[in-house]
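The chains carry the letters A, B and C, assigned in the order they are written, with residues numbered from 1 in each.
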Amino acid sequence: MLVLPGEEIPSQGLKPGPGTYRVGGKVYASVLGLLSPRPPTVRVIPLSGRYIPKAGDVVLGTVTDVQGTFWLLDIGAPRWAPLHMTGTPWDVEVGETEKYLRVGDAVVVQVESLDATGRIGVTMQGEGLGKLEGGTIVRVAPARVGRVVGRNGSMIQTIVRHTGAKVTVGQNGRIWIDGNPEAIERVAAALRMIDEEGIRSGLTERVESYLTRSGPSSDRGPAVAPRESADRDAPPAPNDSDGERSESREEWE
Amino acid sequence: MGNVGATEVPVLLSPEGLRIDGRRLDELRPIRIEAGALHQADGSAFVEWGANKVMAAVYGPREVHPRHLQQNNKAVIQCKYNMAAFSVDERKRPGLDRRSQEISKVIAEAFESVVFAEEFPRTSIDIYIEVLQANAGTRCAGLVAASVALADAGIPMVDLLPAVAVGKIAGKIALDLKKEEDNFGEADLPMALVPQSGRLVLLQMEGHMTPDELAASLDLGVRGCREIYEKMKAALRERYAATVPSGGTP
Amino acid sequence: MSEEVTAEILMTHILDLAAEGKRMDGRGPDEYRAVSVEPGFVATADGSALARVGNTTVLAGIKLEPGKPFPDTPNAGVLTTNAELIPLSSPTFEPGPPQPGAIEVSRVVDRAIRAADTLDLTRLVVTPGEKTWVCYVDMHVLDHAGNLIDAASLAALTALSHATVPAKRFEVGDADYPLEVQHYPVECTFVRLGDTIVVDPTFEEEQAAQGRLTVATDENGRIVAMQKGLVGAFSPDDVKEVVRRALVHGDRLRAIAKGGPR
């Protein structure tokens, strides 16, 4: 159910969670989004806006500034995220940060910590994290990431299987695609479909139908699907975001 | 207000109690609100309200520029209300004048009263309001557009912020003055309401009113705000209906 | 505001695609985005138009007011062009006085309008040396998705060609009358992406561009203004090629600017 800021929510004794607030015993929505009661709390999953980081999220970022011991990354969040030189797979000397990453470089990092000042701690140590070379980056609304991934990764696996492209989906709505130019183009087009279409059932089928029509890989059959990229890149599946689940649920009906 | 040098005062209220555009005293001008009218902004809205045309965009929460405005415990809310040179009869010189700066300040403060700014320390929420065509009531139209844009940008807040001006024409309290009424009217009282709490977070007044008239004006304004509130919600529902699972029960 | 740093790999990808004659949005190198104009968007202006080029939106408004001619041109009216790249339109624009980018847009548009003799400025004069119409062209960028110059030029030309001289309001004459437009200059902008020169660049293509070239042409096939911008270079042969393409696009853009009810 779509709720708007200021609308009273039937809380049924549930505690106000994210996206809600309580005044005088009543619970109201504070953001535009989907109502999601999850005992013991009720929350509202935002349908729009900037990416709000959560610890554990894998995100794509662009280097916007280089300092002596860290880089600042634009991950589409309210604040730039500092990546400290010790949070990399490299043995970086103080003052030599620019040798490793420069302004404009794209990276995959994981959100480690969030503190009360809004500071976003990220790391580049971990499987699938690092500097991105080649390929391209497209963006979808952060609220649409759940649909790009699909139920248990079904959507992204469909896309990878049909195109043979390598795809890394950041929870912040930035998506890296690598492969031959034609594959990249088809993945980008499929992602545009997902980003722009309203929620109706059967989106996976429509995307699949587009991919089948649009490319040569349908002739080659699904054998080209690079398994490891499908595994690595579909982010930790349900990722406990209710919005994504409820969307996927709809998808499924 | 007070159009100095104006000679001929038009008949603002007919014997039947109708205004120059045929409205009753408690009637709003037609309002059309489009949520998400722009592509680059994090949130946006276009409002046509009578002969006003106003665009609003929201960027953020994002890094604060200039940095010294950063606040350690909350987002700073910055507003720029600006009138296009061609938005008024006499061409307005581009750039911020004192009127625009004052309006920007009271609008920013109105939103500070409802936005949960403490969720985004050390960031900025930037609100831009561009008046493209003006016909009295632009600060209220701008506020309504900005409020819808903030919701479109996913900013957490207590409530949407409907706004309207009440005035006095031919000795009567009237809702939502248009330009001629504003020019020749006797008072102007713009306000913005938090429907959830019933409180006003923007209130200005210019002209002459008795305490009784002021009381009646506040009541009329609150009723007008509640009417506008419904239109704001409808605009946002229209924009987001397609992205929500249909018939999904909580 | 440096917030929006375009990823290097995105720019490389744009260049790689261009080498194959392709673009991110599926267009060919000589394909323009969808263009539309909406004259009369602003009732308080003496002429106005909202121009859209893809997701780029520019609103132009014309204001005519009586004023004094410049002392050195007592027999010519005054034309003033101004562009506002307001922060509403892009995360990259900051509030404050006009930035060099805004000044460039207004000057390039102004040059085409002036050089093409779009308006017969002598006809704006009411009393030589004393009183003339001052024509203000104000361009307001609302949504910046690349190629501001073309969008601004289309908005300005459409607004001018649908404008009215408010003679009655200012008691200069008995009745208002249409502002006469004698020529229809339109700008057409290209950027170099490697060895490929593409028309009507998006914001990202402008970030990746190795030079930008704008050519304004009129309905008689005259070239009336040019501007090379951004870092990069064009050979004389490149320029000739761009001019040839600009003439073709110009005719189509002109038809769009002229269309619509007066």
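A few remarks follow.
Throughout what follows, a residue touches a chain if its C-beta (ideal position, glycine included) is under 8 Å from a C-beta of that chain, and two chains touch if they have at least 3 such contacts.
Note that the structure is predicted; figures quoted are calculated from it, not measured.
Where contacts are defined as at the top, ignoring chain B still yields one piece in which all remaining chains are linked.
Relative to the C-alpha centre of chain C, the farthest chain centre belongs to A. Highest inter-chain contact count (C-beta pairs) belongs to A-B. Work out the mean CA point of chain B and of chain C, and you get 31 Å between them.
Chain geometry summary: the mean Cα position of chain A and that of chain B are 35 Å apart.
Distance between chain centres (mean CA atoms), chain A to chain C: 38 Å.
Along chain B, residues 62-63 each make contact with two or more other chains.
Shared interface positions of chain C, i.e. residues touching 2 or more other chains, are given as 3. Within chain A, contacts with two or more other chains are made by no residue at all. Residue ranges on chain C touching chain B, taken from their complex, read 1, 3, 41-46, 48, 55, 57, 59, 61-63, 65, 82, 84, 86-91, 94-95, 97, 136, 138, 140, 142-145.
Within the complex formed with chain A, the residues of chain C that make contact are 2-13, 16-17, 20, 22, 24, 26.
Residue ranges of chain B in contact with chain A, taken from their complex: 42-43, 60-63, 72, 75, 116, 120-123, 151-160, 194-197, 233, 236-237, 240-246, 248-250. Residues of chain A touching chain C in their complex: 62-65, 74, 102-106, 132-137, 181, 184-185, 188-189.
Contact residues of chain A toward chain B in the complex are 1-2, 4-7, 10, 19, 21, 23, 28, 30-37, 42, 46-50, 78-80, 116-118, 143, 198-199, 246-247, 249-250.
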